[in-house]
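Common to both upcoming complexes is chain A, partnered first by chain B, then by chain C.
What follows is the complex of A and B.
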């Protein structure tokens, strides 16, 4: 047993030496997560605010200006331009200087005064669907607000008391992320993408490299058992994966103020299981990949893409086609995203996410067993 | 079997044999790499496996090292089967593969220490042995240099030092000097001679015939089969005739002129001299000089020389497959 520990220690030390001398890999596992975090949290934000807006007021009345000011005073719209003809809308959309155009036709004030339904046109640039959808919702809401105001004014003028009139007022609340900040939503998921990349890719490559170097044969004729090699190879990457988890959690909590509402240990156990499952996948790739390049490409396919696209990280799993949703069950990322968001945002603990934890454990176990068997078969050529 | 003697399965080991190969066979797809060979390597021998590229040398050595599984037959290393008792074989062998197989980004001492540690060498032994090995091999001043920055000869010495750290009794060396400069090759063989004196057994594959001279025993291997084997002296004596060297200004013309002279066998170019085997009873110098003069080849020197392995190999190749003779001519010397 002691001899085995000495051998495992030798492998671990050696792996850290490789890492320490390979600035590219070091960069990939420590710096990349930080860069990705910043990119996702700042640049690729799904938050919609300050949508550049052009207003074309053909009416030019007090009422029309009052209506237009609704937009300029709203934080969601940013009136960047006042145009005088419809061609200004085309120009602004083409130049990407505006994404929403508010067109107030002439006769707007007259229609209102006559008690008719006044019409305004809200044109939305749909090339960015998320922003378009949100802008539409906001402008509809603004218009409703304005209509209510008009109704109230009219009622006042008629000497009616609307408070006696039953009205329905929906109060919509978004739970868990009331401000709907996308960083709250993205960072717990991003953590999973980063762990998947670091662990799967690196383990996929690490065993293939021993084969490529020819050092595999020297390891085979040593008294070291296969499981010792596996453990020695996995330990450093487990540590690094945890370092990344800590880094992302830390940055997320401090810079982006992502709440950590649930049980920290649930998250830690989930992360550990996910790391093992991912390492198992990496080993599996190592066992079957004939070359470093192939290992890298397969790792990319099974680590990055599913954890990005099929985990619920970027797209809600009930919004993707059913057959893709079924495929997503084959990758551990979806379970971990559920755990991570549950703990971070919903305040979940073991009692809430145990099914996912159980699935992850099973997944990790199956992966490591299959890869050990396949790796053994491969090395006894 | 005698009833008084110990039963064979009690593990009584014939310690006069380092390697005992019986019916060993290995194929790769359609290619038969090793074809049912039998071979004995006495303990303490420096045993040279000689043969051209693709003869099966590496396949044989890798099976002895337990990193390749035979299709049929078995081999014993110090009495232990490489197929059934690999765990008893590996502690006693050091295996050096043909290609450089150390970690390029680790230093000389880190490589040495890593492989010794997983081989179970204690910390104290690692320290004393690596110091002694690196000093004796002239690597002491390069201990902190990363392996990728070593010269070819130093890389081979590092590999050899690594295989020696756990003090194996049998060294399996697969073309350890291929691609290494002549000075480093000589030094490498000086180290092997030292190991031989220390009682180690060595099986070394080599395509170089001059290295065969330094072995205590050799075996020719071609197309997966063992041909001649024995001590270099024995093998040389098996070749009939006297080796004669012809130095001429135009060696190719001289070779052509000697081709059909009666009594000449296996004429071949060796560097830029012609060598022939003279199997007639009369002394060779006169008839050969006459034949060359007849072909109007001037400025020739004809002299009998002692047989060497290079010519033995050329002769064996000639008698077995005449067409292959050209490709085997002239290893480095």
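What follows is the complex of A and C.
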């Protein structure tokens, strides 16, 4: 046992020495997560606000200006330009300088004074569908609210009693993340994506490289046992992955003030299980891939893409087709994002997320067993 | 320049590629996987949000309101908890994403002509759903109000605004229509950078680069021979994505074919140049791969490929202009969705040309220098 520990220690030292020699890789595994975190946290957002809007007021009256000011005072629209002809709309849409155009035809004030329905055109650029959807919804709401106000004022002026004109007022509350800060939503999931990329890719590549360079054979004729070799190979990456977890959690808590509402240990256990599952996956890839290029691309296909797209970290999974949802269960990132977000935002502990934790540990176990069997078969050849 | 030498070099590259049959297969599987994932996951059309309705009013008004939510197609009412306290576990578990709370006395308040508040709760842990869900909810309530007013016949002679809202360019608002053209550019970039960056390093690692340089081959010939096979592979991937997008996802193509072609060609030079540069500055294949990852993630995030540039903070937005993919997306999306002409896309096309010339010539010069060494 003691001899085994010595041998494992030797491999661990060798791995760290390799890393130390390759300063660029070292930089990549420590600095990249930090840069990614900053980048994602600052740049990613689905919040639709301040949609650039162009107003074309053919009427040029107090009423039309009042109507236009509804848009400029709404936090949702941001009037960036006042045009004088319809060609300004085309130009603005072509140059992407505006996404919404409000066209107030001449006679707007006159129609209102006559008690008619004054027509207005709202043109929305549909080439950014999410922003367009939300713009559409808000402009409907804004116009209907304004109409209601007009009707009320009119009734008051006429001395009519519109007692039947009650209306519903929506009061929107956002739970878990009241200020709707994207960083709160993204950072707990982001951590998972970054760890998945670092661990799977690195383990997949280090083992294939050993084979490519021919040092694999040298290791095999040494008194090392296979298990010892694998443990020794994985240990440094486990440590680095934990370092990354701590780094991202720390930065998220301090710089982005992401709340940690739940049980810290639940998160730690989940992260450890997830790291093992990812390392197992990396080993599996290295056992299958014939070359470094293939290992790279497989790692991208099974680590980067699924953890980015099928984990629920930024994209809702209840909206995707069922068959694809089943596929998403085949990747550990999905469980871990649920755990992480549950702990960070919803204050979850072991009692809430135990099913995910159980699945994750099962996953890690299966991955490591399969990969050791395959790896062993391969190296005994 | 000798055509024969170039041809031989191309031949050699293909033989080398064939030696790793898994690689070729993966390179053709990758665009398909990406097409599926981006097409179904990122370009998801948010609808049928699971909704809980807490109806404390139990009146005709509350029933009508619920029907308005269900009828919109954006919300699917799956739960009717008895009280607001029961909402917490439902949202905690993610069983519902949205909740509608209709307080007691809503109907009476409305008939008295008062403003009756109703509660809409959205799950903020999912920013896309909370933005779209609350927008749609506000729209439905506003429509409900005006429908009710119409029913009561108050509109007789009252003034109002009749807003005609028209969505231009992508009237169905299906996100796939903008995702697929973007994916074409993204896939070209990913695969060219991933394979190209390995191409020269691999030769250097195995020492065949020196052998190459003692042959009469010239730097230009070497470059053309080296680049052509990968450009061909990338074109195959591109066609796969385009075909998948047009035939499977039924993405309409409204634009000018030549705009797309010119845009893609210009962008291809940028990608080839970038891959080559990485290959030249990296000492090992592992480093080259790290460098690609290092560049790729900011590119994907900041280009507006997935996350709209407009939603980024003002400080970050200028940074997006440093990324060639941003302009490639503008050209492809403009041409596909808006049917924009060369004239309308002059700025991004020129920017792409600029990137292409600078990066590609830098790569050529660097290769020449390396060979001269």
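Couple of notes before you dig in:
Definition applied: the second predicted complex is superposed on the first by the 362 of 381 C-alpha atoms of A that agree within 3 Å, B and C clash if a C-alpha of one lies under 4 Å from a C-alpha of the other, contacts with A are read in each partner's own complex, and residues count from 1 in each chain.
Assume a residue touches a chain if its C-beta (ideal position, glycine included) is under 8 Å from a C-beta of that chain, and two chains touch if they have at least 3 such contacts.
Only a predicted model underlies this, so the values are computations on that prediction, with no experimental measurement involved.
Following the overlay on chain A, a side-by-side fit with no clash is recorded for the pair chain B and chain C. When the two complexes are overlaid on their common chain A, residue A:289 makes contact with chain C while staying clear of chain B. In the superposed model, A:22 makes contact with both chain B and chain C.
Judged by the number of chain A residues each one touches, C leads among chain B and chain C. Here the apex is the CA centre of chain A, and the angle it makes with the centres of chain B and chain C after alignment on chain A is 90°, in steps of 10.
Of the two partner chains placed around the shared chain by superposition, chain B is the only one that A:14 touches, whereas chain C remains out of contact.
Using the contact criterion defined above for the overlaid structures, shared-chain residue A:214 touches chain B, although it does not reach chain C. When the two structures are aligned on the shared chain, A:222 is found in touch with chain B, with no touch to chain C. Touch criterion met: A:136 reaches chain C, while chain B stays clear of it.
In the superposition on chain A, contact is made by A:305 with chain C only, not with chain B.
Using the contact criterion defined above for the overlaid structures, shared-chain residue A:86 touches neither chain B nor chain C, since it reaches no partner.
In the overlay built on the shared chain, the residue A:117 is in contact with chain C alone; chain B does not reach it. Of all Cα pairs spanning chain B and chain C in the superposition, the closest are 11 Å apart. Taken together, the two complexes place residues 22 of chain A in contact with chain B and also with chain C.
Residues 20, 22-23, 26-27, 29-30, 33-34, 36-38, 40-42, 44-48, 50, 65, 91-92, 94, 97, 106, 109-132, 134-139, 141-146, 148-149, 152, 154-155, 157-171, 173-175, 177-178, 194-195, 198, 284-287, 289-291, 293-294, 297-298, 301-302, 306-308, 310-313, 315-316, 330, 333-334, 337-338, 340, 344, 347 of chain C touch chain A in their complex.
Every residue of chain A that touches chain C in the complex is listed here, in rising order: 22, 24-25, 28, 32, 35-36, 39-40, 42-52, 67, 93-96, 99, 111-134, 136-141, 143-148, 150-151, 154-155, 162-178, 180, 182, 184-186, 197, 201, 205, 209, 289-294, 296-298, 300-301, 305-306, 309-310, 314-321, 324, 341, 345-346, 348, 352. Chain A meets chain B in the complex at residues 3, 6-7, 10-11, 13-14, 17-18, 21-22, 213-215, 217-224, 380-381. By the touch criterion given at the top, residues 62, 65-69, 87, 90-91, 93, 95, 97, 99-106, 110, 114-115, 117-120, 146, 162 of chain B touch chain A in their complex.
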